[in-house]
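Letters A, B, C and D name the chains as they come in the text, with residue numbers starting at 1 for each one.
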Amino acid sequence: MGEITTLSDAVARLVHDGDTIALEGFTHLIPVAAGHEIIRQGRRDLTLVRMTPDIVYDQLIGAGCARKLIFSWAGNPGVGSLHRFRDAAQHGWPAPLEIEEHSHAGMANRYAAGAAGLPFAVLRGYTGTDLPAQTATIKPITCPFTGEVLTAVPALNPDVAIVHAQRADRDGNVQIWGITGVHKEVVLASRTSLVTVEEIVDELEPRPGAIVLPGWTVDYVAHVPGGARPSYAMGYYDRDNVFYQAWDDISRDRDAFQAWLRSEVLS
Amino acid sequence: MTRPAHASAGEMMTVAAARALKDGDRCFVGIGKPSTAANLARRTHAPRLVLVYESGTIGAKPGRLPLSIGDGILAETADTVVSVPEIFNYWLQPGRIDVGFLGAAQLDRFGNINTTVIGDDYADPRVRLPGAGGAPEIAASCREVIVIVTHSRRTFVEKVDFVTSVGFGAGPGDRERHGLRGTGPRLVVTDLGVLAPDPETCELTLTHLHPGVTRDQARAATGWELRIATDLTTTEPPSETELSVLRALEEA
Amino acid sequence: MGEITTLSDAVARLVHDGDTIALEGFTHLIPVAAGHEIIRQGRRDLTLVRMTPDIVYDQLIGAGCARKLIFSWAGNPGVGSLHRFRDAAQHGWPAPLEIEEHSHAGMANRYAAGAAGLPFAVLRGYTGTDLPAQTATIKPITCPFTGEVLTAVPALNPDVAIVHAQRADRDGNVQIWGITGVHKEVVLASRTSLVTVEEIVDELEPRPGAIVLPGWTVDYVAHVPGGARPSYAMGYYDRDNVFYQAWDDISRDRDAFQAWLRSEVLS
Amino acid sequence: MTRPAHASAGEMMTVAAARALKDGDRCFVGIGKPSTAANLARRTHAPRLVLVYESGTIGAKPGRLPLSIGDGILAETADTVVSVPEIFNYWLQPGRIDVGFLGAAQLDRFGNINTTVIGDDYADPRVRLPGAGGAPEIAASCREVIVIVTHSRRTFVEKVDFVTSVGFGAGPGDRERHGLRGTGPRLVVTDLGVLAPDPETCELTLTHLHPGVTRDQARAATGWELRIATDLTTTEPPSETELSVLRALEEA
């Protein structure tokens, strides 16, 4: 409960081959360093869950860690496509990638249902689109009071949630501010969780707009300054937009990607 | 005073989209041209435009264009920042947003949008696109939708390979049948002109051509037999103010 | 949209005989002054909605404003019973009071569904209790994925929401901190809304733990310092526990109550 | 060292309840004796007890006893304050809370609780009570429940007039049948002693008598034929520390 340890130790304890894991962060506070640690530890057959798989999931997929992707928008924000994701989805390289595709509203509600201990969530969504025909986890549900038909999606309860945050105290209480995305939901929905943080402090000074995850809701906290780069950590560093653009070239080619992986992650 | 020759097709497109926003509107903004158009509108004729980004930032007033829907400047300048489940459930879903902006990889004559896969087989796509993101529910729940998209036969197709977001479905009455509460696409703004749904048939109809663009160019760039409004109008070129504000925004 | 006006003007514009109205505030920031204004304006046949009807609802019921009460806990917190509520429920004085009874979890979810534009909410609740047999707005619902049976409650969408808050700016943006209860949900769920505030300021300085309701989500804002007394407004004044205790005697007797009403509210 | 004569029946009751809380437990606290007991435990043997109040205050560390579940001091000292929908949906419902405290106007031998109406007719009650509040879901979802209630025939009844919150329903297996995920009442702490459910039958059984109380007194105050544990024990009287901390709390 809120145990402070190293990144490699936490990943080794929590992430196992075949697990369903969610690395979340909506543009902000994406746990990229933790993703690299999973690659280094050579995990395989993971079901990767994330609303917006961006370059960290492109890297995990390209490195062969993934068996399945559950997502709502897979792209390099503001740049274009995720080439490693496309190569896996279209050509099965380096391994076939099963996909389960939702909308943002559906994914956000799936995490919220997971956090709430409910088996499903109800939303106004998907109706009239081709998504329900392709995604088994989208079903109609009828309001028992009005008879109106809405949409149900099942809860997401990953084996492991991993997020990045600004600060934790020595009891493992985690403080997050700025865009908080689905950080709270994914941690509360998952069976276990790891939070990487910029700083570990003696006391969490209250801040406007901050949320706090009590240490007892988090399994491990790891001190990983810069752990969200090239995404950003408000109050610590900005988004490295240049790297997001550079990723387009690095990732377009299998060899270039593998060279990058060797020099930047594995070595 | 206006110097249309100065405006690129992309600038014309952004300006036309910005003009479609009314002061005080609550606008659900995607990154790229929608964000540029919304920020341009807020700096010109619509100072009280409320920008809502799916990252949970409500009433953002960025001093420069954000590069992602989750840039720090959006959170720092917002009236309030809420979680992602909340932005979809409490703010988008109940119809609190007036205008939603969408892009498209493919668009059909009824304004249905594909951003999922190109090709007939979902399981083995010719091109795997990013997917739905917030679009299906933006298309369903905003009071109205503005689509911003480059005009070409690759994009303007007879039939979209995949319906990611519903425009008017198969035609009149389909939105109601699906229980979609917004009124659907009001405008499609392209680099060639502007299309709007015919009030009777819901078919997208060319209502404006941007300065210097011909009907034939628009027809040639459309993958179905394009209907042209009887009162087809030439878009007012960007004013000096619109252009200078837009360029200042893009350089900041 | 966020129009600043007087309390009497706002109540006159928004609250009509027969309306369904919700005055919320979970111990904190209860809009008591607005309740008194409704009594003064002589409204009748109101359906009163509130999770914890306490003394302000006891006063509205005793003054004959209410036809129905939708609630989850009707008491004088830390003191005992609500005598005017009991007199109406048990003896129909001054008028019969229909009741629709839920649990806190059910009421909170009904507001949340209302805020989310959904016709109903799903929760784990009520099962095995005698409430579903008495309350028509509690029904079973089956998960379309797991087959598990859960409970559905219909959305609450009152005609008018009234809450008290610490501050608003001149554009009607409202800032609330401390225990925020269901303030956001009831305002977003209701067709119209009034927020009474301690202060109107030029700018809402960000504060830890504060939420903001944008002015465009609120119909009227009224400057009513002390408008939550005898409940409290964090940062402004404490709860008047002595009055809560005194209410037990004032309210126990019909004549004593009416004398109090004449001297403290109506005059 | 212990001076039991100094402890009132109410103090004994609070101390017995406090002792039932383990260090590190997350405890959903109602106002009155439960709050007093939880705060006493936090100041004695359970310094890391996590107090959760239904007002949304998580990890509150009040320096004095709150008079309501929504006192400002709870928000000021909490690790985090969340909305009321969130406290029920994200924190109580999924089973994150170890111990829930409940009171009762009526209680039966299976720990079922009535706080709604006294009398046979719900529509025309003899006494209208406050109602459910958070109790049905606390009873359903906390890992276990502790009931604190004054021992009398008015309260300990053969059959509750209304089931507001489920204990063990009609007996073994009923909680599972209803899909209730917590294990139900672990203890009922009264001013006379302590009852616990029989592991086989789920019937509340007297396991402890407070110092100076007799079996007959307990039987006489119970509206059903009270079962008494074969290893009936006398409650350890409040220690000097427990009493002094409790009194300091109540005077602050």
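The rule is short, and it goes like this: a residue touches a chain if its C-beta (ideal position, glycine included) is under 8 Å from a C-beta of that chain, and two chains touch if they have at least 3 such contacts.
Since the structure is predicted, the reported quantities are computational estimates derived from the model, not experimental observations.
Student: Return the chains common to the contact lists of chain B and chain D.
Tutor: Neighbours common to chain B and chain D are A, C.
Student: Would you mind checking the shortest number of contact hops between chain B and chain C?
Tutor: Counted as steps through touching chains, the separation is 1.
Student: Give, as an integer number of Å, the spacing between the C-alpha centres of chain D and chain C.
Tutor: 28
Student: How many angstrom between the C-alpha centroids of chain D and chain A?
Tutor: Their C-alpha centroids are separated by 40 Å.
Student: What parts of chain C, by residue number, touch at least two of the other chains?
Tutor: Only 117-118, 123-124, 148, 184-185, 209 qualify.
Student: Can you list the chain D residues in contact with two or more other chains?
Tutor: 89, 93, 141
Student: What is the shape of the graph in which nodes denote protein chains and edges denote touching chain pairs (line, ring, star, complete, other)?
Tutor: If you draw each chain as a dot and join those that touch, the picture is no line, ring, star or complete graph.
Student: If we use the touch criterion from the header, which chain pairs count as touching?
Tutor: In this structure, the chains touch in these pairs: A-B, A-C, A-D, B-C, C-D.
Student: Would you tell me which residues of chain B are touching chain C in their complex?
Tutor: 24, 26, 50, 58-59, 79-80, 89-90, 93-96, 141
Student: If you look only at chain D, which of its residues touch chain C in the complex?
Tutor: Residues of chain D touching chain C: 31-32, 54-57, 67-72, 74-76, 81, 83-85, 88-89, 92-93, 116, 122, 124-125, 127-137, 140-141, 162-166, 169, 174-175, 178-181.
Student: Taking the touch rule as given, give the residues of chain A at its contact with chain B in the complex, in rising order.
Tutor: Against chain B, chain A makes touches at 26-28, 51-52, 71-75, 77-78, 81-82, 85-86, 89-90, 101-105, 108-109, 111-112, 123-131, 134, 148-149, 178-182, 184-185, 209, 232, 234, 238-239, 241.
Student: Can you list the residues on chain C that touch chain A in the complex?
Tutor: Those in contact with chain A are residues 117-124, 137, 139-141, 143-146, 148, 150, 152, 154, 206-210.
Student: Show which residues of chain C lie in contact with chain B when the two form their complex.
Tutor: The touching residues are 115-118, 173, 184-185, 188, 211-214, 216-217.
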